[in-house]
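Here subunit A shows up in two complexes: once beside subunit B, once beside subunit C.
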Partner chain A sequence: MTALPRRIIKETQRLMQEPVPGISAVPDDSNARYFHVIVTGPEDSPFEGGLFKLELFLPEDYPMSAPKVRFITKIYHPNIDRLGRICLDILKDKWSPALQIRTVLLSIQALLSAPNPDDPLANDVAELWKVNEAEAIRNAKEWTRRYAMDN
Partner chain B sequence: MGNCLKGSTADDISLLRGSDGTRDSSSSDQLGPPPPYQEAMPVYYPSPNVSRPAAQLTEEEQVKIAKRIGLIQHLPAGTYDGCKKNRECVICMIEFMVGDAVRYLPCMHIYHVECIDDWLMRSFTCPSCMEPVDAALLTSYETN
Partner chain C sequence: MSNDVDERVVDEVEALKAILMDELIVRTNESGYPVAVETVVFPSTADDALQQYVCLTLVVELTPGYPDVAPDILLRNPRGLDDSVLGRIDREVKEKCESYRGQAVIYELIELVKEYLTASNLPSCQCAICLYGFREGDHFTKTECYHYFHSHCLACHVTSSEKSYQEELDKLPAWQRNQHPQSPCQVLCPVCREPIQCDMNMLSSAAPPLDVENARQFELSDELRSLQRQMAALFSHQKRRGGIIDPEAEDSKLLLVTDTTEQEGEDDPAGPSVLFPPAAPLFNSTSGSTGSSVPNRGDWRRGGRGGYRGRGNSGSHHNRHGRRHHQAAATSR
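After this line comes the complex of A and B, so read on.
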């Protein structure tokens, strides 16, 4: 087993010492590269009031390649598919080693505030978001109530 | 089975299963000391998400990588002089120590040579400002 890089230790310590408001990321007891994440739905978004579970894994060559992040809680969002995979440029071709776990999770939280139906991952959701935004937002609120509250 | 230690996939799996270490130590007890470490074939990154061992690169990719190695060698390098403006290498998040080997990108961001060269072999951009390094390099040649 490779030793844990200093950077991962530092990032973990800083996440614990100065947590990001509305975000918690806790390393797994048996694997320091696997984080249990909870993101609270941003205010004034259809996800407000929800607690969304995610998993985050730092690959072997992190920070040369991006963390792998996935929603575990079901969410109705044009850029997140039914498996919880996230369409976000910084997790793919716009990754930079200057980004961190903290900035990645902040970007995901921002994505909840600003869905982008023109760059869809969940096509049916994106389609509805474009043709009938009011109904899409109602669905997102309903899913938030059903899957992201009281548990 | 010594050869399951080769290849990056075996590493990935052992990261996910903490108990692998015990099995490894028991098998090496039976076999005596492990054979000398053999360096695996270097892996290159013709594009950010594509990794391939050297022998499997297309000719076009070989040229791209050779060019990139050449360009990296032209980026100025030096030793950290204690400048207070850059305290920490954002790639490894370790504070610079006077005398560390550092590389200066055309946008004036600095990194440990080892850290930035590893990144530049994957993507020719500055991690901090995302400025393409080759374009900036050419501009600085033209203006000088």
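After this line comes the complex of A and C, so read on.
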């Protein structure tokens, strides 16, 4: 295995020493570029009370290119598709090497607080979110309760 | 006391006052004879205060008998200087005092300290690219927007930006590419996204930052291991409840969805088959029975890299929406 870049080591250490509220990220035993992540659903969002598992991978040229992130836990959200892929500009063309694992995960948590059905990835979800927001939010709450709760 | 007045001291202090003006503070005894002088020393940066990251107050106590006796030197209020640099300045200053016995030394001391500060004039923040600080001997660059990076790190950013720019350009059809011929890649500041100009020859010749080379290796702590166990438990729990995304199952579901929507003739012209192509899963999360969903590295290369770029999903999505994305957190500092 090639040496792990120091920046990744430093980020991992900081994630442990100064954890971000509502977010945990742990490197995998066998691959220090692969992180197991839990993001808690933000308060006052339909995802409140949910514990969402994500996976995050730092590609070879990180931090020059963005981490690959996807949801593992099912989630009903207009900007997250059935495969858990996330539509977020900083994960694509707005990536900057000054962003970090923690800022990426905070942005994803913010996306849960502020769904944007006008720029959808999950088209059927976005459609309902636009025509009947109340029902969409009910669905999101139901999915959270059914799939993302701890008990 | 007045018997001790030494004209050499009075002359030296007068000369210093003429040079430093209000930057010099002179303490006198009750008869107006100077007993100490102090001044804040900055690195020489052509008086550009924005480029001064370190400073130091030099206090020279004029011991009785000075200049035939060495003065007492105090280095106060050091800013941006670590103890090793401070120790070296202190030693050098004392040596100079010894070697200048009998002569006026204060101006020499100020110059000596200034020389050291100029050599140690480094920003105390971190480089936002490698997350390490700036050490003596590191080559660093200040952008027009006053952000600091190791030259080596910024060179990597510029190279990477140019590469992605070229890749985006190559994706365009020829007629579109010809519309803006030769438009150069505009590199943005990693921190504030302001356009920046870089001298790549200078940047790329810089050595990697020193701290990065010397950093410690990472080891998993017990705390981390316990967190890993909690996460594995949560994963198993959610899997039992059917809460885990199964990319293969989702793919086969999508094939059905395509059929039904076509029959029902829904108004989405792109159709779900474009929005949710049966692509290879991003991560090979179905492999492995331990409850952890770690892909081996080989899978990552195939699924993560090739798959990511080649997948029709992001392309169609962006085309349909004119490359709009969520405005996410800025990288402000």
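List of remarks:
One rule holds in what follows: the second predicted complex is superposed on the first by the 150 of 151 C-alpha atoms of A that agree within 3 Å, B and C clash if a C-alpha of one lies under 4 Å from a C-alpha of the other, contacts with A are read in each partner's own complex, and residues count from 1 in each chain.
Please note the rule applied: a contact is a pair of C-beta atoms (placed from the backbone, for glycine too) under 8 Å apart; a residue touches a chain by one contact, two chains touch by 3 or more.
Keep in mind that this is a model prediction, so the values were computed, not measured.
Per the definitions stated earlier, placing subunit B and subunit C onto a shared subunit A by superposition produces a clash between them. Shared-chain residue A:K53: touches subunit C; no touch with subunit B.
When the two structures are aligned on the shared chain, A:A134 is found in touch with neither subunit B nor subunit C. Looking at the shared chain after the overlay, A:N31 reaches both subunit B and subunit C. Of the two partners subunit B and subunit C, more subunit A residues are in touch with C. When both structures are laid over each other on chain A, subunit B collides with subunit C only at 152-160; the other stretches in 8-16, 62-70, 98-106 or 152-160 stay clear. Annotation: subunit A residues 6-7, 10-11, 30-31, 34, 59, 63-65, 92-94, 96-98 touch subunit B in one complex and subunit C in the other.
Interface of subunit C with subunit A (complex): residues 128-132, 153, 156-157, 159-160, 164, 168, 188, 190-191, 193, 212-213, 215-218, 220-221, 223-224, 227-228, 231, 234-235, 237-238, 241-245, 247, 250, 253-254, 268, 272, 275-276, 279, 281-283, 285, 292-297, 300, 304-305, 308, 313-314, 317, 321, 323-329, 331, 333.
Listing the residues of subunit A that touch subunit B in their complex gives 1-2, 5-7, 10-11, 30-31, 33-34, 59-60, 63-65, 92-98. The residues of subunit A lying in touch with subunit C in their complex are 4, 6-13, 16, 24, 26-32, 34, 36, 38, 51, 53, 55, 57, 59, 61, 63-65, 68, 70-74, 79, 81-85, 87-90, 92-94, 96-100, 103, 106-107, 110-111, 116, 119, 121, 123-124, 146-148, 150.
Those residues of subunit B that touch subunit A in the shared complex are 8, 11-12, 14-16, 18, 20-21, 48-49, 90-94, 115, 118-119, 122-123, 125, 127-128, 130.
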